[in-house]
Each structure stands twice: as structure tokens, then as C-alpha cells.
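Notes to accompany the following structure.
By written order: A, B and C. Residues from 1 in each chain.
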Amino acid sequence: MKRYLKLYWLFSVQSLKVVWQHKTGVLFFMFGKLIRFLMFLFFVMILVKNTKTLVGYTFNETLVFYFTFNVIDTLTQMLFREVYRFRWLVTSGELDGVLVRPYHPFIRVLLGGLDILDLLMLGPYLALLTYFLLQIGLTTSYNLSLYLLLVVNSLIIATAFHIVVLALGVLTTEVDHTIMIYRDLSKLAVVPVDIYREPIRSLVTFVLPIGIMMTYPVKGLLNMLNWNLIIVSLVLGLASLLFSLWLWGRALKKYQSWGS
Amino acid sequence: MYNGLMRKILAIAKINLAQYLVYRLSFVLWRVRVILSLFLTFFLWSAVYQSRLSIFNYSHRQIMTYILLIYVIGDLVYSSRVSDLSIQIRNGAIINQLLKPFPFLHNLFTREVTDKLLNLFFSIFEVGLVILLFKPALFIQTDILTILLMLLAIGMGIVISFFISFAISLVAFWSAEVWGPRFVFMTLITVLSGSYFPLDILPTLFYRLLLLTPFPYFTYLPTKIFLDGFSFQYLGMVGISLVWVVLSYFFARALWRKGIREFSFFGR
Amino acid sequence: MIKVENLIKVYKSQKGNRSFLQDFFKREYEEKPALKQISFEIGSGELVGFIGPNGAGKTTTLKILAGILYPTSGKVSVLGHVPFDKEKEFLKQISFVMGQKNQLIWELPPRESYLLNKEIYEISDVAFQKHLADLIDLLEAKEIVDKPVRTLSLGQRMRAELIAALIHRPKVMFLDEPTIGLDIFAQTTIVNFIKEYQKQFKATIILTSHYMKDIASLAKRVILIDKGQILFDGLLDKLIRSYSREKTLTIILKKSIPAPLLEKFKLPFEYQMPLLKIKAEKTQLLKFMAQYLSELEFSDFTLQDEPIEEVIKKAFRKKP
């Protein structure tokens, strides 16, 4: 375990050094992300300010949804940025070089590319999240624990998603679109998924568990979930992780190794 | 003479289509991505109108029409293969293109048209599906003059978008950092071109400033023309569109010339 | 050390376009057997060359031995491990080097990558310093290790890559086309390095290469693979001797050969002043020389073996 932590540290430092070599590109991305965040925030604010409630949620509550989404989204992008580079690794044949090393490939292809930009953006998001959480007021330690539990569950589901993307990348070399679809899907939950009508709502909550990932933690916080739903969410989280690991094992057996 | 040209164009179109079908999974996934963004805006606005009848002077009917229309127009204006140019410049493949006995720009243009028509076809289909499933109240414009002005505005939007996108691809002549500028450009388009909300709900100062940039003239203007009908104010705005067409053309051309002259292939 | 029994590997690949529309809706797959029941054993410290045309199965075999690909059926054992299980102890003892592929980070000096490998392979500080010094010495890479990889030439990069690949002093090395794309000087450096390394550290090395002279100068034992089957497994000398009995005699003439004399030659020959070339079996050539050499006015002559590429080509053509 200690060895993996050390390796993770080394990979992250290396990632940082590489990013430092592409300073101008990084600046552009930073700028773009900032604009995207501000504009969307502005949009959500202006909407809710004018309508007093959004599907029953107050302005503060809606913003807690918004920032929970951003925190989870940024955390997963920060941790799993390396997945976005996976396609190149597969098609160039460099993946072979990774598979031959005495460590679990995930430390490299899943976690090996810590994104420093996202790490930086995480700070403000967390601060704003805390602010609006406090604005809501009724946060007991029970609610908060439930909230955190469900956020951890969301991260587990996100991990499972990314592992599935890796497995599909090995099987089909199709990575870029799968990862972006995941991103677009999760963006559906930037506001509470209650805005969607059935059957989309159930689809988005249970089948592609974006709703569980992004909306349930806050719903848990607001005491809107019964225990059945919570259990279902946790089971789904665990099941998705197990499925993704199984899929990855299958993918390696079918691996044909391109690029040589 | 035209026969030869037509045959060449058809050959390029056919190859483009063939490429799509080979990367069919890629294409289908792309459409899925695009339709997801439509879902977000469509349902978000529907939810907003659950509690109000009119917001920012837009009725439910108008907003729904706006969202769906700007989606289709957006697909037509923005779908493009011009971003491939960056990669071709970086890996030197562009040299082959320039050496072919077929004008480079004709090739580019044909690929653009094929790409846009294909995406337009699908976006109309998708909007049709949404209308069928969720039956939003819509507003249909029937005035011919309005439709003509809208089409003109769309045409301008396509051209401006093409030249600016083209110019951004040319960054590849000077730097390896091609994704940074394109990312910023795409983000700006996403938020500032009206695909999430009508631009005139912004505070007046912002709105006026925005009108000085090319962003409203891609897809916002044609959609508004459709909704509000022909007016001299909109005719004036189409005139500004024309100014942007000219500006973007000269900018792209200047960059292209500079790039071709100064181009160096580092050891390729 | 390495034991392969009845190894079979079958690839599933897509059948080409029939018509675009048909292809859109239903893709057909076909099975391509890459390895058809191959078996061999390699002992500790051996240096074996795998020879075969593209698509023969050499790289597939290597990748299965390294644990990258999953065998369709058969038994594979390397250092007592099943490679595909990718056990840490197994992976720490092997190295897989692919020509022209880099594991070094493009923007950073090689040394950074070496330090990373040190952690990955759990090399002690003392061992790391010693291994690094030995390798830098053998490859004359002192100036290379601290400059960013993108500033190095291809030959320099290959040397830096080799250090990265060997810093953990693996017991088994898989080299897949290590000299491909390199200029002649770089090729020689790499080949000499492998020879020296083998001599000093007695690693087991499996090498594939399209350059026959590399194989010839490095490997005593070769395995010929074609279309997924082993055609020959044994000493290179023996292979040459069984397929090549011919030599080429080249005579540099001072005076042209009179026609009646030319007609007496029974062996096939090439004659264009000032060269006379005859390719034939050794004893036949000796007879020729005994008979006619005195009648020719020449300034020099050479007797050459058949080039090894020709021998290998023959070996491949002879079998189905």
C-alpha cells in the first residue's frame, strides 16, 4: 500500500512537471473552464432568482445541488484525467509497456494523471458549497453524515464509470466519445433531476445512475430520501464497481495489442 | 468543365460518407452527446415554466420554440471538420493536401457541406422525436419575408463560424498548443451564442457588449428573427452579420497566407 | 526458464466492407489464427533470435510470454510463472522493449523516468546507483541522461530507453525489433551493447529483428516462425549449413575471356568485364578453379558465402 502511495505521488509530480511544460495551453484551459463555470452559475442564478423555486427547491437549495455537482464532477476529473489520454495509449501500443510493469495498471491508466487545474478549482467550489450549505440552515450531523456517505457512493460510481471506459477502450479503442458521453450525461444533473419528466427521470436516476450520483446526496441532506432508496443507491454503487472490475478483466483477456 | 468538377465533388462527398460509416459508432455517440445537451435545456426551461407563465417577456411557447430551433440551427452552423485541420498541420499531412491537383479550399468546402447536411438531417430527426414524445407547445412562423431573412442570417452565421474556426485551426502553424484556443472558443460559443438561454435576458449592458462580438450572429440572430418576425432592426443586425463575414474572411485569409509562408516542419 | 507447450492464439477481426450500408448494420467477424500450436523451451542465459516475416507470429509470441496477450490455449511458463497472471514477482524480473516505442517521458530528462522505475521495480538505492552506472558505462550515455528526451536524437533516445528498460537488471529480456528505424551507427551500438550485456549479466534474451545481420551477430540459436508455425528451432550455423551449400566466386579479370573458353564453362555464370561471377556448390567451384583458373588472366578473386538473408529466404520457401 505504501508503495502505491509513493508511486501515485511520483506519477502526480511527473504529471505536474509535464503540465508545466505546456504552460500556455494550460492557461487557455483554465480561462475556458472559468468562463464556463461563471456563465453557467450566472444562468442558474438568474433563472432561479426569477422563479423563486425550481421544481420546489429554493434558490439556496438549488445552488447546493449545483455546487455538489461541481465538487463531485471536479473531483472525478481531477483524479481520473489520465483516462482521457487512454485512447492514445492503446492505439500506439504503449499500453503494452504499462501492462508489463509490476504494478496494477490502474495506478497508471486510471489515476496516473492528477489534474492540477481541477485541484485548484476544487478549492473555490468547496468554499461556495459550504457557504450555501450553511445558508440552508437545517444541517444536523445526521444529515451531513448521510450527505457525505452518498457523496462517497457517487465517487464509487464515478470510479466504476471510468473503469468501464477503460475496458471499452481496450476492447474497441473508442474512448473519447464514451468519456465525453459520461460527462454530458452527468451534466444533466447540474440541476436536480426532478426537472425531467418520466420516463427520462427514472432512466437518469436508476439506469444511468447520474441522479443517484449527483442529486441523491443533497436529497439525503434535505431528508427527502427514505431508507429504501438509500440502500438501493449504495447497492448500485457497489454493484457498478464490481461490474466494472469484471469488465476490465474480460477486456484484458480479449486484448489484441495494436501498433506493432 | 462543370461535369469534371461535379464528379470530383461527388467523389469527396462519397469518401466523407464512407468515413462516417466506418466510424459509425463514433458518429452515433456524437449524436447522443449532442442530444443530451438538448435534453438539459429543454427540461430545464420546462421546469422553470411550471411556476410561471412568462419569464423575461418570453412565453412558454416562445421559449420552447427558441430552444428547439436554435438546436437545429446550431447543428447546421457549427458542425464542421475544420478542426481536423490543426492535426493535419501538426503532423504534416497538409502537405499532401496542398499538392493535390484539386483546389484545397474546394475539398474543405465539400467536406463541410457533407458534414453539415448529415448533422442537419439527424438534428431535425431528433427534434422531431422530442416534439413527438413531449408535445411542447410551439410557435410556427409563416411569413415568407421573415423566413428569407432568417435563412440569410443562417447563411451568414455559417460563413462567420467557418472562417473563425478555420483561423483557430491555423494556430497549429505556430504552436503545438492547438486544443487550448479551440477549447476556449467552443466554451465561449456554448455560453455566449444563446444555446442555453436567449441572450436578451442578460442585463442590458452585457447584451449590448455581446452584440459587438460575433457570437450572437451565429445562431441567436436567425432564431430571434424566426420568433419575432421581420423588422428593420433585425435587418440592421443582419447587416452587422455581413460586417463580421467580411472581417472574419480577411482575418482567416491573412492568417492562412502568413502560415503557409512561415510554415516549418520540424524534422517531419 | 521459458517453456511453451502447444500454444495457440486466435485473433478475432472484422471482415472488410461489402457495402457501406450493410457494414453499418451488421459487422462480420472472422477468426485469424496467429499461432498454431507452437512449442519450445529456452534455458537460462540463452540468447535466441526469432525470425519471420511480418504477421508470422513473432511479436504475438513475445507478448504472450510477457503476459500482455492471453493465450487461446496451451501452456506457457516463464520463470515458473504464468505470464498472463502478471504477478508482481514475475513482472519485476522481465523487461519488454519495443523498438521505437518510448516509455520515457517526452518533456523530462531520462533520469526522472529512471527514478520512477526505481520505485516501480523496488530497487534499492545501492543497486540503483550501481545498475545505472554500469548501463551508462556500457552505452556511453553520460551526456544523455540529464537532457530532456525531446532534445535527443533517435539513436540517443534508444540508448536512454534501454537504460530505463534494464535498470532493474531483469532476468529475461524481450526485445521486439530494437534496431528498427535506426541509422547504421546506432544499430551497431545497440547490437554491441546487447552482446556485452549478455556477456556480463547472463540474462535470457529473446530477440526479434528484420535485420539478419543483427540476429547473426547476436544469436547462436534461432527459431523460424511463419504463419504461426515453427519451421526451424536450432543453431543458426546448422540452418545455414543445411540450406546453403553455395558460394559465390568473383574474379576480377585483366583480359577478356575468349569466346571458345566461355563455351566450355559448365556452371551458370555472369560475365561483364571486368567481373566474372559464378555461384555454385563449393566442390563444383573448386573443380572449376582447378580447371580454368590458369587460363584466365586476373588481378584478384573472392570467394563469398551466401548472404544470410538469402539463406533465410530459402528456409522459408522450402516449407509449406
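To be clear about the criterion, a contact is a pair of C-beta atoms (placed from the backbone, for glycine too) under 8 Å apart; a residue touches a chain by one contact, two chains touch by 3 or more.
Treat the numbers as computed from the prediction; the structure is a model and nothing was measured.
In terms of Cα centroid distance from the overall Cα mean, chain A ranks first.
Among the remaining chains, the Cα-based centre furthest from that of chain B is the centre of C. When chain pairs are compared by their number of contacting C-beta pairs, A-B comes first. Here the spacing of chain A and chain C, counted between their Cα centres, is 46 Å. Chain B and chain C have centres, each the mean of its CA atoms, that are 53 Å apart.
Separating the centre of chain A from that of chain B, both taken as means of CA atoms, is a distance of 29 Å.
Contacts with at least two other chains are made by no residue of chain C. Every residue of chain C that touches chain A in the complex is listed here, in rising order: 11-12, 59, 63, 66-70, 84, 86, 88-92, 94-96, 98, 101-103, 105-108, 112, 115-116, 119-122, 176-177.
The residues of chain A lying in touch with chain C in their complex are 3, 6-7, 10-11, 14, 17-18, 21, 92-94, 96-97, 99-103, 252-257, 259-260.
Of all the residues in chain B, the ones that touch chain A in their complex are 25-26, 29-30, 32-33, 36-37, 39-40, 43-44, 46-48, 50-52, 55-56, 134, 175, 177, 179-181, 183-184, 186-188, 190-192, 196-197, 201. Touching chain B in their complex are the following residues of chain A: 22, 24-29, 31-33, 35-36, 39-40, 43, 46-47, 50-55, 172, 174, 177-178, 180-181, 184-185, 187-188, 190-191, 194-197, 200.
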